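Note that the chains are named A, B, C and D in the order they appear, and that numbering of residues resets to 1 at the start of each chain.
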Amino acid sequence: MTPFTRDQMAHRAADDIPEGWCVNLGIGIPTLVANHVPSTREVVFQSENGVIGMGPAPAKGTEDLWNINAGKQLITLVKGASFVGHADSFAMIRGGHIDLCVLGGFEVAENGDLANWATGENDTAPAVGGAMDLAAGAKRLWVIMDHTTKDGRPKLLEKCVYPLTGLKCVTRIYTNLATIDVVDGKGFVVRDMAPGLSFDELQAKTAAKLHQAH
Amino acid sequence: MINKIVRTMAEALDGIKDGSTVLIGGFGSVGQPDALIEALIETGVKDLTIALNNAGSGRVGVAKLMDNGCVRKIICSFPRSSDPVVFETLYREGKLELEITPQGTLAERIRAAAAGIPAFFTATGAGTLLARGKESRMIDGREYILETALKADVALVEAWQADRWGNLVYRGSGANFNPTMAAAATLTVAQVQHIVELGDLHPHMVGTPGVYVNRVIQVDRGPEWTKEEA
Amino acid sequence: MTPFTRDQMAHRAADDIPEGWCVNLGIGIPTLVANHVPSTREVVFQSENGVIGMGPAPAKGTEDLWNINAGKQLITLVKGASFVGHADSFAMIRGGHIDLCVLGGFEVAENGDLANWATGENDTAPAVGGAMDLAAGAKRLWVIMDHTTKDGRPKLLEKCVYPLTGLKCVTRIYTNLATIDVVDGKGFVVRDMAPGLSFDELQAKTAAKLHQAH
Amino acid sequence: MINKIVRTMAEALDGIKDGSTVLIGGFGSVGQPDALIEALIETGVKDLTIALNNAGSGRVGVAKLMDNGCVRKIICSFPRSSDPVVFETLYREGKLELEITPQGTLAERIRAAAAGIPAFFTATGAGTLLARGKESRMIDGREYILETALKADVALVEAWQADRWGNLVYRGSGANFNPTMAAAATLTVAQVQHIVELGDLHPHMVGTPGVYVNRVIQVDRGPEWTKEEA
């Protein structure tokens, strides 16, 4: 069995983004998604610090220090880009104008609950950033994360253990082992799996019931 | 390729249903999507709830929309504009429902809808007739009333320039209700004076990011409106 | 006794506006106030349709149809002017950033209540515009109006009869007979009167107790 | 003549008192009023409540402000920035009070303060730990929590250009929290790269009307920040 790499996970998510969507990408693997959308397909990348229409990282020597993304990395702008302030940017997010947000995750529950900001109630200084706003506001929320923790514990659960970021918000999960839809009233539905992986093996690494797609 | 530019009014207004709530931009004639309003009248749509600042004047534009029986209810701040003959007649005859909202509350209710805020407190109108039936609350010794988001099915807006992504640039005092309304509707249609190439609008001049706009139609408003920027 | 003219009323109000204030002027006599602020004194005139920095009416042949004020009259811009949309314009008003608003009035009560939008509960289609927002939000609210109605009834009262625009909001009244402060806990305090008018005559035309300024 | 331009940091920060609530603009180093923060540290002011997105990194800027004991409480969305050594130390030792607010709620609470909205409902955070102690309400079948305006005594902001009226033009992604914060404080001080003549800023490019700004000080941020607009 060959698990998907980080880039493969990002690529698979990118493949599922149709032309014309306005997409917000979280820090980490989600940021890689932009690299895998072909330049022939127009997708508008929004960053919560008020950039609408981000392009790839700038070539050496052409950097503009004023243009950064939510991860504080230098960016370029594409034609058609515009800027707004934070209040307007989050109005866009909270108001349901972002077609898709892709975030990392600690845990996802079968009802779509997401935990990705704190690892316990006594977490020292948890840092939430814009994750709760995105979870509450985006039209669709996809999570990219490893299927299990480094020590092998499942991250797809019947119920989240860590403090929640948002309730019933995740609609799809791209893991290093599978792509799984979160279907209202049903739970986790497997769309596809890493080459050589069996459904039973995937179920064994998942702490909630998996359903096969028809 | 994203291309929100349409060529005909039929495409621009396709799918607007009877009973829809329609936001109409503009303050007076500035920033008012005249051609879209005319085309809306021609669709023969009925039972609309329209929200805008005034209730039209004379027998053109919004007044004609009401005169033709397309409108069931109007939400506005100032129905008595310069020549409100149609509004006053229909209202007196009980053929038009009126919801008066203070101008700033109207703008903020639309902004709240755009921003995912279902309700907010404001001091505007507290203790007045317009507070009747509304929840009120003392906060830090002052009385506030709860106002709710005004979400819409359709927004008809006007702008100076647009590109194929639907980015809009306003001119002079032509923004007024337009950027807020553009962001508060399921379907936003913009009438613009000029269409420019993608990349020709300055990122800081864009008053409405294309994210909010579904369709753009170019309409020459005539010689008196065509004066170019200095 | 010579009552003040409309222009004199506007001029007296203009004289009391210090440099640097941001001022919103209502429709009617209040609009005239701008004409009486000398060009050597910088006052920022705001209009609720999103103009900050209005200048005088344009000269014939130089009109720009896109630039109007709240009364829908054509305007010019001064150097330093800027535009915002309605939501931001009323955020400025509601948030207490307008130093002064000058409005017309039907009635003012001695506690500062203002009635200026409807003449009765059964008023056909009352039109409020931005008056309630300005009454609630401006730092100071001055009213310019005749001291009595056309048929001689006082417009300065112990309590308003017409539906209110705002509660305890008026701080000063410029009438054709006098300038009167509304002082918290005290009521109407006369600052000055039209030439030849006696305090008793003014009191006779006022339906609330007048106080003399010290 | 209105002239909000000051020449010295002493004038720029005059009157900021112990115990003040201070909004600090910027997202990362972009749009962050570095020189004003340095000058604020030098005033030796104490017991500040500061509100901003991050809690500083390394031992400079906001981190130094906290390290020097000027800050009693911080309201932010993401205290763990790239090198949060000062924040983590003070927080662990109980010397710093922390209020975590989702980034959009932080922006909206400041916007609410600027706009005269004392409280508003939002779905952000509903049902999470951050909803604890907050009023909640079902509206149209969804749960929302009530968030309150975050008003401040002082806002320190950064912009690209200013004129003597205090009109500010932002550059690139440098607006971020700045325009909202500038409008939400009793005293707003702007650090800008360039001062231009009154009338030289395009009325539609102004991101913060001068009405919101009390003082402007020109600070050259150094060669790496001086690249002119294309």
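Annotations for the structure displayed:
The definition used in the following text is that a residue touches a chain if its C-beta (ideal position, glycine included) is under 8 Å from a C-beta of that chain, and two chains touch if they have at least 3 such contacts.
Source: prediction; values computed, not measured.
Counting hops only between chains that touch, chain B reaches chain D in a minimum of 1. Farthest from chain A in terms of Cα centroid separation is C. Comparing the chain pairs B-C and C-D, the larger number of C-beta pairs in contact belongs to B-C. Per-chain CA centroids place chain A at a distance of 54 Å from chain C.
Here the CA centre of chain A is 28 Å from the CA centre of chain D.
Chain centres here are Cα averages; for chain C and chain D they lie 35 Å apart. Counting partner chains per residue, chain C shows two or more touched chains at residues 83-84, 90-91, 93-94, 136-137.
Each of the following residues of chain D touches two or more other chains: 108, 111, 115-117, 122-123, 170, 204, 207.
Chains touching one another, given as pairs, are A-B, A-D, B-C, B-D, C-D.
Residues 47-51, 64-68, 72, 83-87, 89-91, 93-94, 118, 121, 124-133, 136-137, 163-167 of chain A touch chain D in their complex. The residues of chain D lying in touch with chain C in their complex are 1-2, 111, 113-117, 163-165, 167, 183-184, 198-199, 201, 203-204, 206, 209-212. On chain B, the positions that touch chain C within their shared complex are 27-30, 77-80, 82, 84, 87-88, 91-92, 98, 100-105, 107-108, 110-111, 122-130, 170-180, 207, 224-225, 227.
Looking at the complex, you find that chain A touches chain B at residues 19-20, 22, 42, 44, 46, 52-53, 77, 79-84, 90-97, 136-137. Only residues 108, 112, 115-123, 139-140, 142, 144, 169-170, 202, 204-205, 207 of chain D touch chain B when the two sit together in their complex.
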